[in-house]
Amino acid sequence: MRHADACLQVTGLEVQRGDRWLFTDLDLAIESGELLHVRGPNGCGKTTLLRALCGLLLPQAGEILWNGESIRRLGEEFTRDVIYLGHLNGIKHELTGIENLRVSATLDGDRVDDDAIWDALEQIGLAGFEDLPTMVLSQGQKKRVALARLLLTGAKLWVLDEPFVALDVKAVARLESLIVGQVERGGIVILTTHQEVALTSGTIRTLDLGQAGQVRGR
Amino acid sequence: MRHADACLQVTGLEVQRGDRWLFTDLDLAIESGELLHVRGPNGCGKTTLLRALCGLLLPQAGEILWNGESIRRLGEEFTRDVIYLGHLNGIKHELTGIENLRVSATLDGDRVDDDAIWDALEQIGLAGFEDLPTMVLSQGQKKRVALARLLLTGAKLWVLDEPFVALDVKAVARLESLIVGQVERGGIVILTTHQEVALTSGTIRTLDLGQAGQVRGR
Amino acid sequence: MKFHWLHFSSPATFYGLAGRMIPWFFALALVTGVVALYWGFFQTPDQLGGSNPQKEYYRIIFVHVGSAWMSMWLYLVLAAWSAFGLVFNTRLSYMMAVSVAPTGALFTALALFTGSFWGKPSWGTWWDWDPRLTSELILFFLYIGYIALHSAIDDARRADRASALIAIVGLVCVPIIFWSINCPDPNQCAALHQRSSMGSIDGNILFAMLALTFSFWMYAFATSFMRVRSIILEREAGTTWVNEQLELEAKR
Amino acid sequence: MFSTFLCILRRDITLAMRRRTDILTTLFFFVIVASLFPLGVGSEKEVLRFLGPGVVWVAALLASMLALERLFASDFADGTLEQMLLTPQPLSVLVLGKICAHWLLTGLPLVLIAPLIGLQYGLEGTQLLVMVMALLVGTPVLSLVGSIGAALTLGLRGGGILLSLLVLPLYIPVLVYGSGAVTVSAIDLADVQPFMALLGAFLILALAFSPLATAAALRISVE
Amino acid sequence: MFSTFLCILRRDITLAMRRRTDILTTLFFFVIVASLFPLGVGSEKEVLRFLGPGVVWVAALLASMLALERLFASDFADGTLEQMLLTPQPLSVLVLGKICAHWLLTGLPLVLIAPLIGLQYGLEGTQLLVMVMALLVGTPVLSLVGSIGAALTLGLRGGGILLSLLVLPLYIPVLVYGSGAVTVSAIDLADVQPFMALLGAFLILALAFSPLATAAALRISVE
Amino acid sequence: MMEFLSQGGYAFYVWSCYGLGIVLITVEITALRRRQRTIVAQLGRLKRMREAEVSHEG
């Protein structure tokens, strides 16, 4: 199933944290079938940018448009299309993997049944751990539970903040193939990672954010 | 300055988490100038092993000996020799980098002056950020503050749990050279990471922990 | 007209404007304050008769009533600026709200203090859980809550918006709170309004009271403008206009 | 929309059941605070009967405020809260679901145990009944109003006590009419009605406005 | 060893100064809780004067208990606590430093503001003095004893109950003798002495044992 | 004069109130002036530092 065409446009984005401007006059346009790799040294504002793009953070100036409309105005129509995985896993430690995914699927408005969820967890390499409270899982296993959402969602825009962290080699490969799949289906992926990304189809665009600590005047 | 010779011995270590035995009958001996790379897929017990080796976790069975004496018995004489950096950074978000390092140096019993601390932060690539509360630093910058302790400590045994996570390329290189230095000085390094480790001198030993979920009988 | 309005809502313009107005407000406050005190101490009777005779200590009334009125008025102002900020997202309105709060808290504290220093000679007790006193105490808590929340948040924008929200929630609740204290038993609310022990108030006393209140009001303008200027500088550090302003001030 | 509400409700109740002690703590706190008083002020019957309604309400206020701290804290810490902001569901519905679950888990048990405390203070028959009724209407107001404060103080160090500074003054009307109802009921049961009507009005007001305010506060805090 | 103590003390005080509102909020919590009672029970002078000592002590107890929650929690969450376990310093000294800082920041301000509350409840001259003295000796005991509970609650989920169960029997004597001292002082100042002596004895006992117990509890919790 | 100052024996109460009013007002004004002065000084220092840096590089 291919996603309908979509595009994310950013014009004149400016974000200030503390007394430093992380970026001023940032312009961007990403379309279906593209992957945006945001790069830059520690502290240059990658996480901040990603959070602004999902609407979790209100930028000081600039517009973020989804299919030509401001994401603020779109509200829930935009959040339906986006999935964000950040530094925090966003899973409840007291719930099992299954329960976590069931809740997030319901809230995301994805109609999936339990079989699909079991399946997703198995695919992501958590067979045998589905029924444990995620509290007792290791760092990488917790991350996998969070990533399993990618298998269930129909969101067009994936925003992934360092998704490869804490994963072992096999899991990294699995995630890469998921990303490739999303781009091939005509989705959009925005991610940060300190390693290289390869795609078999679609375009990779990279955005290099400046040096940390650099103070750019208005 | 070379470290005096030392060795860490592990005999018959057994750790159970939940109802799974993570490892049984684990034997190990690491000496000065050696690096132990603990590998294994997510959830195989790497973090657990490292915490047990520092004495943060009491194993179900087995002995951990430092220079031939049980680390439980040695108590503060052992903790003086060890530095542990785990998944958590162990820095206070309200304090600046300088203040954090000053406190940890005092508590570690390292006699270092403020110049040395400024220096360490500069070397680790935080020049200009020393005076900010670490709260406002990015993920990778916080990690660097924690890593700066390695520059100040005289500990013989370094236990590092995924120290490369969240670091950019430059910082990874810097940390690698620190590790090499420690091994060359005759220290011991135990680390986990999902990437390869290279040393210019000293020996690398690897410990492959079994498949996650594998239940090994007693 | 619209252009005008936007013009003054920019921190840069307002900085200069406020700077020019502060001396005038201080002058007004001083003049009316002196007149009020002169009138209050020399043109009023030494004692009051009536059902509850008051000795000289009734002269506390001028500070007391003035500060009590200002404490309530400034809370309204604070909430109004907050609402304005949340609706129009103008930075200056948040800054105004933040800069009014400490002055409001100051007047509340003054009203509480003078009230209890009046209560001791008049009622024989420093404190009584009378509705009016309790309301004033709660107003003080609301001010402190606002200030505490604002200073507990480091990120200026989040602090502004979070405390603006609590100010408005407070404003919605204030009438209910005050009414509930004034009327703890809804069965007997009709008998609520006790008659003032001062009887019909002497014209001179009223004049001095109003004059001091006006003086406090001007003072509140002056100090909140001073505070807003500092806040503007802190927030806008590094911009060109601040640099130019600094040069100007250095020359002076 | 209703399924969202139910989903959140069910989730939060499951979570609480996994760490059942949380519910018990609130209850326990309530009982302890109420029982400390006789130790502090002595145990003359007359005095205690007079104090009873006030103490029970103050204890309820404190207990529900204490529990509020946990309303959003863990969701905030593990990132599920920001995920909620990114779901295509109206945030105020999610918030209402969370508040409902919270009241069911902390407010309701408190209402149910209150008669026991009332007995300790020598309250009787109808008075106990009025107390339970008043608490039943009043404690949801506490949860609703408090949730605004909980959302605003999210992630702040010392948030718990800052929260109390923000919301305790707002709790006063509920305290006044809640304990007023109980006190009055000792004299004439008919007098209770206006008190209950007022509490009911507060509940309706709070139900209408507080989820919206809380949702706005959450958006501000998560940024 | 003393330098370790000082280092921790200074660290915790700096941390609190960065967050000055933390101190103020504990203080205002105390004031607000004390002010809620007259709203709940009515404001007859006789009753209030009688209630005064008890209310002040219960409020102090609650404020210090709530503040305790923060004693180790943030150190635990950010990993500094496990680092402390790995320093070559005796853990009980570190713990004592933390408790001292905690009392200076939350207990002492409370002692200093108590007379104002006393005035609100119509207490007078010597009674106020005795109250301050009793709080000065009693609140450190609360911090010391509470720290054991705080340490235990770190590991165990919802150890709040354990905290109350463990801490309460030890808090009650302080409450009884503390408010007893104030009540008695209204009658004859000389009667106060045994109360104060007992509070002093509690303090010495707590100083001797609680850091050790807390250190042991921390080791268990961090595992 | 003394008569005025004694306020009929209630000097303590009356003057405490006016005294506290004046104290609070002066404290507020001085605090505000100090705040403004430190900010201006701080910003000036920052600016000079930055200019020095620029001329150093260039």
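For clarity, chains are labelled A, B, C, D, E and F in written order, and residue numbers in each chain start from 1.
We take it that a residue touches a chain if its C-beta (ideal position, glycine included) is under 8 Å from a C-beta of that chain, and two chains touch if they have at least 3 such contacts.
Since we're looking at a predicted model, the values are computed, not measured.
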Touching chain sets, computed without subunit C: A, B, D, E | F
Path length in the contact graph (subunit B to subunit E, fewest steps): 1
Superposition rotation for subunit A onto subunit B, Cα-based, multiple of 5°: 180
Farthest chain relative to subunit E (centres taken as mean CA coordinates): A
Most extensive contact between chains (C-beta pair count): D-E
Numbering shared by both copies at the subunit E-subunit D contact, with half separating same from different: same
Mean-CA-position distance for subunit E and subunit D (Å): 25
Inter-centroid spacing, subunit F versus subunit E (mean Cα positions, whole Å): 35
Cα-centroid distance, subunit C relative to subunit F, in whole angstrom: 18
Centre-of-Cα separation between subunit C and subunit B, whole angstrom: 57
Junction residues of subunit A, two or more chains touched: 58, 87
Residue list for subunit D, restricted to those that touch at least two other chains: 19, 157-158, 162, 165, 168-169, 172, 176, 223
In the complex, subunit E residues that touch subunit B: 3-4, 7-8, 11, 14-15, 18-19, 74, 77-80, 82-90, 94, 222-223
In the complex, subunit A residues that touch subunit D: 54-58, 76-77, 79-80, 82-84, 86-95, 99, 103-104, 106-109, 133
Partner subunit F, residues of subunit C touching it in the complex: 37, 41, 46-47, 55-57, 59-60, 63-64, 67, 102-103, 106, 109-110, 113-114, 117-118, 120-121, 219, 223, 226-227, 229-230, 233-234, 237-238, 242-243, 246, 249-250
Complex interface listing, subunit B residues touching subunit A: 17-18, 40-47, 87, 125, 128-129, 132, 136-141, 143-144, 162, 165-172, 194, 212-213
Subunit D - residues contacting subunit E, complex: 19-22, 24-25, 28-29, 32-33, 36-37, 39-42, 47, 50-51, 53-55, 57-58, 61-62, 66, 157-158, 160-162, 164-165, 168-169, 172, 175-176, 179, 183
